[in-house]
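For reference, chains read A, B, C, D and E in written order, and residue numbers begin at 1 within each chain.
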Amino acid sequence: MLAKMRQKAKDLLSSGVVSTVIGYGEGSGNRVRALFIRKPDDADKLILDERCVQNLAVYLTKREVRALGRPAVVARVPVMRTIQQLMFEKQVAEGEVAVIGISPDSQVLDFPDLKSMAEYVSAIPFELSADEKAAVEKLEKMTAGERWNFWLDVLSGCSKCYACRQSCPLCYCERCTVECNQPQWVSVPSHGLGNLEWHIMRAMHLAGRCVNCGDCFRACPLEIPLNLLTQKIITDIADKFGGADEYALNAFKPDDKEDFIR
Amino acid sequence: MSEFEPKIIAFVCNWCTYAGADLTGTSRIKYASNVRIVRLPCTGRIDFMLLMKAFSRGADGVIVSGCHPNDCHYTSGNFHARRRWIVFKSLLDFMGIDVRRIHFAWVSAAEGAKWAEVVNSVVNDVRALGPYDGYKNLAPIAADWRIQDAG
Amino acid sequence: MSRIGVFICHCGENINGTVDCAKVAEAASRVPGVSHSVDYKYMCSDPGQSMIKEAIKEKKLTGVVVGACSPRMHEPTFRRACAEAGLNPYLCEMANLREHCSWVHEKSEATTRKAVDLIKSMIEKVKLNQPLQPIKVPVTRAALVLGGGIAGIQASLDIANAGHQVIMVEREPSIGGHMSQLSETFPTLDCSQCILTPRMVEVAQHPNITLHTYSELESLEGFIGNFKAKIRNKARCVDEKLCTGCGMCAQKCPTKKISSEFNAGLGMRSAIYVPFPQAVPNKPVIDKDHCTFFQKGKCKVCEKVCPTKAIRYDQEDRIIDVEVGAVVLATGFDVLGTDFFPEYGYGRYKDVINGLQFERLASASGPTLGVIKRPSDGKVPETVVFVACAGSRDPAKGIEYCSKICCMYTAKHAMLYKHKVHEGSAYVFYMDIRAGGKMYDEFVRRAIEEDDVKYVRGRVSRIYEEDGKLVVKGADTLLGHEPLEIRADLVVLATAGVASSGAEELAQKLHVSYDSHHFFAEAHPKLRPVETNTAGIFLAGACQSPRDIPETVSQASGAASKVAGLFSQEELTREPLVAVVNRTAPPLYSTCTGCGLCMPACPYQAIEMEEIRTRDGTVVKVAAKVNPGLCQGCGTCVALCRVKAIDLQGYTNEQIYAELMAL
Amino acid sequence: MGKKTINVDSLGELFHKIKSGGKRILAPVEKDGVILFGEVASYPEVATGYIQTVFSAKEAVLPRFEEILRFSSEGRDVVIEEESNKPVPTVVFGVRPCDAKSLSVIKAVFERDYPDIFVQSKIDSTTVIGLSCVNSDEYCFCTSVGGAPGDTAGSDLLLTRINDANYLAEIITEKGESIVSSAPELFSEAGNVDKDRHLAQVNRQFDLDELEKRLPALFESPLWAGQSLRCIGCGACSFVCPSCTCFDIQDETDGARGIRLRCWDSCGFAQFTLHTSGHNPRGVQSKRWRQRIMHKFSYQPGELGTAGCVGCGRCSRACPVDMNILQHIKDILEAR
Amino acid sequence: METNVYKPYLMRIAEITEETPDVRTFRLEFTKEDEAASFSYKAGQFGEYSVFGEGESTFCIASSPTRKGYIECTFRKAGRVTKALAAREKGDTIGFRGPYGNTFPLSDWKGKSLLFVTGGIALPPLRCVIWNALDLRDNFKDITIVYGARSVQDLVYKKELAEWDARPDVKLITTVDPGGETTDWKGPVGFVPTVLEKASPSSADSVALLCGPPIMIKLTLPVLSNLGFSPENIYTTLENRMKCGIGKCGRCNVGKYFVCKDGPVFTFAQVNELPPEY
């Protein structure tokens, strides 16, 4: 399967279909890192194992990566979901990107176009894993005061390095709200308020968009479980709106249910 | 020391709740003076960050109110707002923010009396909850000044 | 440099009685950026406005805050005053010190403090206000009139006579509405149809009026001056061009036992029918639900007998697109349904009827040709009981309001009965008699005094049948709640007028507000009674609340004159409070990411995508753009935009933020 | 100034003494598997068995945000309050020699030309108890940038574990001396100890001077773009870095009152150098990555006489996309 | 005594001139006399101006050090701070930190001719030098100013332009871009480099001060070169985003030079050596 992926990368490069293959390669320590393969011969540097989880779609909106020409990207399911979302958000258009799909059981998938990739990935149910659900539920079961203290505690270490934002392929905005200073929506320093505002805003801006790839959490130097927030929203959107909307916050049903507006 | 008087900031739409609050006035129905109304064209315009900012500005409670479902002057602004609130309120609750301090309401232009009730009940509820120091003290500035004020 | 002028209005004692206005003005004067701050008895008065104008000129003010009543009241007044003094009107804001402060709080320090807060908050907003220019949009000089009753007829004729095109839509096969069903009209007792039918004909023949009967509004999009409507012409199954209205089809139609809507269920009609002889247009429709051909696939008698071969069974609904600049809502009312009065036996006892049915009984064109016969056995009733307020003014039934017309028509009914059955006795159970109006009270008195109608003040508790009579049990509250029992032959309920069926749905289609009873809501109960909150949509008649003919007609004329006023301009100026997507210097061009997530959220489809090009034509970016003609300024897109690339003029992020931070 | 030993079991008492002397103690603590400097009340709270804390000890002298001005306005007047810059006397315990060295970089930046009293006073009131490294990992390269696992530079007192029971305590400065003299009974004279034997082995991987010499000519090299292709432009490297000092200044207000805060910023952020006009001198990530390397290894050596890197390896460990600075430097040195 | 380097002087806005709808000039006076007395600066230096609660913004001191008791600054409403500054009015208090940076070496130019070439909102940094030179007029030979703006409306210091124009000892050429002229515009119409070329001032014993938008600089340099100005004799001031102004925050460096400390004044001989980071 690794051989198939490498061969596919080679073919794409040598046929000139793409000029770069974005995939995974050995990094330092026991880590893996994103590789940008430009030459067919280098395709053998590509690897694929359980460590290869970074959401490489993050590079698809980067100007310098785009400048290299048409890319192909090694994409597991969350990455494919991301590309689907990026298409919906007009950041990636059909034909601009090729996908070397990796199925959940690590088979290399061939997609003639992004549309068929989107169809494939749409058929896979989008839901939290049992562990993720349990983590969300654990927090839900706490009292509000306990939750407040929990978040105050975990966010206290946040230095606003924005690794969560930068690692997120859906945080592609050229000027993030935190950088809008007229008015200053989010307090810049990484004090309690600044951190809380930032994380609330981040979660809200990903509401209905997040594909739960987990890169924000993995990127955080402090391992702050900030994807709990987006996971909570994912469950809420599924529970409350049925999860069928392409983007839950620009859609509505006249009979959306709530129990708190009085 | 006198009883704590909460600071309540209300974000209301122009067509229903603002007009409803006008009717409260025209009907001379009295309510607590703790509330300050911020007028927006539609609940759809209410950025969730405004609510956060109200708290960071020292609000102890926030009211968000607009047209009843189906009554939006812009047809669907309040439907969009409602979705946003459902997600937002749940997120705030998940983060342990005291959602009892945020009151969402539908108050139509004809519900002058209801507006007074909403304000009074929020003022009473928040008065009972006390000042929202937990939030205010998140920022060093507010925390510092508050200590100074108290001393 | 901000040079803000603050003007605090006492509103007589309305504000100053509760709020220390001088103190508010003084506090405002100390806010940085305020260079003028005064209080005055009546800011909206001429001298008050002059104060503002002079201050603008003398102190070169860059913004004005008027602390007075609700901006919904006087914002236009003060903005106009500013404009007259040369200050862009959108640099003027109001702080609501009356409705939101002095009228709702006790006189206290806290109330004055609140007033100061409201003023300060507005000062901070105004500092960030930008001069805005009104948006000009062209006006399509054609009006859509929904409803072909007397309200719609009057409005259409007035608009058409003013020289503008009218498209009238009526969902029934004929125009005429309820008025065509009435026998005589109060207080003059002249024949309803006699005065109405000429107007119906005028509508049909008017060169400026296009009539769509048996049609309904499918959708309405756009905005004042520029609406796009879709009208559904329901299939009549008759080629209107060929049909001469000879009536042969209805005559020969084998299905004749269909309850006639026009006769309020007291008469019968055929499956292919013209609702009434004077119908406009005088063309039949096939009632598919009852037609043997449509139900069983066989018959086609009408097709065979039609001398002009005008029957078209395969006719389909047609959707017609029209562009109009204004809409008049004249969809009328309904009377309360039968299931409403189990205690009165309405719907159960044939001889308990409603007012509209009595109109048909009394009408010369009705099923009894004007002879008062009771429905059960056709006998002329000897005793008739009229029950006023059947449903109206009864919070327990969910209808708190007075239906307004019942007192008068009940008096008329009793009078008509007495005129036709001299020996009979007529009783009227009433709660109060509301006979305000020219010659109205005199009319009621005539019924009592000249025609010997017996008025009993009290509610009827129960009606039941006994020995072929209707026993009406009630009490006469004027005689000390003495129980009263009348054995009647006919009972006429003055049932409440309710919103027309489908009114709620229609309101939602049109984006107009409506009240809890689904009557359409006027923009202001006193000062803007014929307008709705949606610009360009006007109200006429009973769709707003029950009312009588003269009131309906005058309101229809009022609405028509509003429309004509609107059409007197070539283009319309609109408030520039619209959303705008920023355009910045290169290399960014706009902070908009072009994600397009705002587009579906716009209720007006006002957001489109624009390719941003460099001078040499290269596309550098795709960004959202708001069509200011379509945008109504709700701001839903603004709250949705993650990068804050869209902002709403007049309610910008900076303005709201500053307002909030000053509280 | 002297070498002593202190028994592991005496550290608790030493902490007690320091605290009773009115000083707060910052030390590495474990929180949910992450090692960070935090205030501790007693010695047992101190974490052990780690290579590096995630954030460095820099926070003791250059906090992530710090008030530099306090003001209030009344009408048209503004009042600036006299600063009450009285840092809490602090002992930072367990500072790695690389971190201790970084304090001299911070000091150099903030003392130069316009002395910054906030950083200065914190440095002055901070005592650094260093802790030599007995372990290292593949990200460590202190020896390549002039440091060493047992380097005394920057520490006031340096502890080195010399056996199961004892630390060697090297007294480097007066401040270190005063720690020892505050509890002389806990310390014993050290005999002849071969300290190096107990230290981690960190091999020298590149020539710092060579790098400094080479860099100016590489300004326009394409290698920056190649290296930074996978960089996502976050500030994790800067924020965990013990010697990164770039900052932002932000005002925060509450009505008429406000404070001006200095807070950490990163040259990795796209907005860092963005002009209001929209022009950005370092508009793409490759230029920002170049700036980071140039600043540390070319500009700062010229300006401060010391490299802006102490080889702690934190940036490489923290980087979400494995931008390994050591490998990148080696590649830079190999570039032609 | 140790002082807080981030603590600004409190300055009172003594006068506001609306140069264009977007551009303002403030005259600032010290609120404390001792600060006024001890304050001094040289032509070319800049400062950090603060609106308390909004932040600080960097621009040059536009007045001449020969005029004592006040400083002036000219700025365009653009970002958060400049917008807030523009909303201040006469009598308001703002903050000023400075002076920072290096200076134009006026004393080295004794006996030389000075040529000022500038456009739009870039006149303020040179205005400081112009007044400085005019106040010490005897020290210099010819003084020539070529100033252009997009349109008549965009010209700043209109009153002073008239004053300079009227002086016999100053040669002023004010130009506006084609299309930017008004009906009553009597000056030349054309871009600065063209106008300069036409005027062709002598480079003999002369220094040029060039300040303007990048495109103007790019097109003007060859003209100056043709006129015989060597890069060493062409001076400019650079701008980069700054926060501290004192070489610490890490933003404004161009290569190894900090614009705030090593600049903002550079000769083009120096600029040519700088990497393109400004």
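What we mean here is this: contacts are C-beta pairs under 8 Å (C-beta built on N, C-alpha and C of every residue); 3 or more make two chains touch, one makes a residue touch a chain.
Since we're looking at a predicted model, the values are computed, not measured.
Undergrad: Touching subunit A and subunit B alike: which chains?
TA: C, D
Undergrad: Can you tell me the least number of steps between subunit B and subunit C, where a step is a move to a chain it touches?
TA: 1
Undergrad: Relative to subunit C, which chain has the most distant C-alpha mean position?
TA: D
Undergrad: Select, from A-C and A-D, the pair of chains that is joined by more C-beta pairs in contact.
TA: If we tally the C-beta pairs in contact for A-C and A-D, the bigger total goes to A-D.
Undergrad: Grab the C-alpha centre of each chain and report whichever is closest to the global C-alpha centre.
TA: B
Undergrad: Rounded to the nearest whole Å, what is the centre-to-centre distance of subunit B and subunit D, using the mean of the C-alpha atoms as each centre?
TA: Distance between chain centres, rounded to whole Å: 45 Å.
Undergrad: In whole angstrom, how far does the Cα centroid of subunit B sit from the Cα centroid of subunit E?
TA: Using C-alpha averages as centres, the distance is 49 Å.
Undergrad: Report the inter-chain centroid distance for subunit D and subunit E in whole angstrom, where each centroid is the mean of the CA atoms.
TA: Distance between chain centres: 39 Å.
Undergrad: With chain centres taken as the means of their Cα atoms, state the distance from subunit C to subunit D in Å.
TA: The computed centroid separation for subunit C versus subunit D comes out at 72 Å.
Undergrad: Quick check: what residues of subunit B touch more than one other chain, meaning two or more?
TA: 48, 53, 57, 70, 76, 80, 84, 139-140, 142, in rising order.
Undergrad: Where does subunit E touch two or more other chains at once, residue-wise?
TA: In subunit E, the residues touching two or more other chains are 79, 92.
Undergrad: Mark out which residues of subunit D touch at least two other chains, giving numbers and ranges.
TA: 65, 73, 76, 248, 250, 252-253, 258, 261, 277
Undergrad: Using the contact rule from the top, write out all pairs of chains that touch.
TA: Inter-chain contacts occur between A-B, A-C, A-D, A-E, B-C, B-D, C-D, C-E, D-E.
Undergrad: So in the complex, which bits of subunit E are touching subunit A?
TA: Result: residues 79-80, 83 of subunit E touch subunit A.
Undergrad: Okay, in this complex, where on subunit A does subunit C touch?
TA: Residue list for subunit A touching subunit C: 89-91, 172-177, 180, 182-183, 185, 205, 247, 249-251.
Undergrad: Can you tell me which positions in subunit A touch subunit E when the two form their complex?
TA: Subunit A reaches subunit E through residues 181-182, 184.
Undergrad: Subunit D touches which residues of subunit E in the complex?
TA: Of all residues in subunit E, those touching subunit D are 2-8, 10, 50, 52-56, 78-79, 82, 91-95, 239-241, 243-244, 246-256, 261, 275-278.
Undergrad: Touching residues of subunit B toward subunit A in the complex: what are they?
TA: Subunit B residues touching subunit A: 48-49, 52-53, 56, 69-70, 76, 79-80, 82-99, 103-106, 118, 134-135, 137-140, 142.
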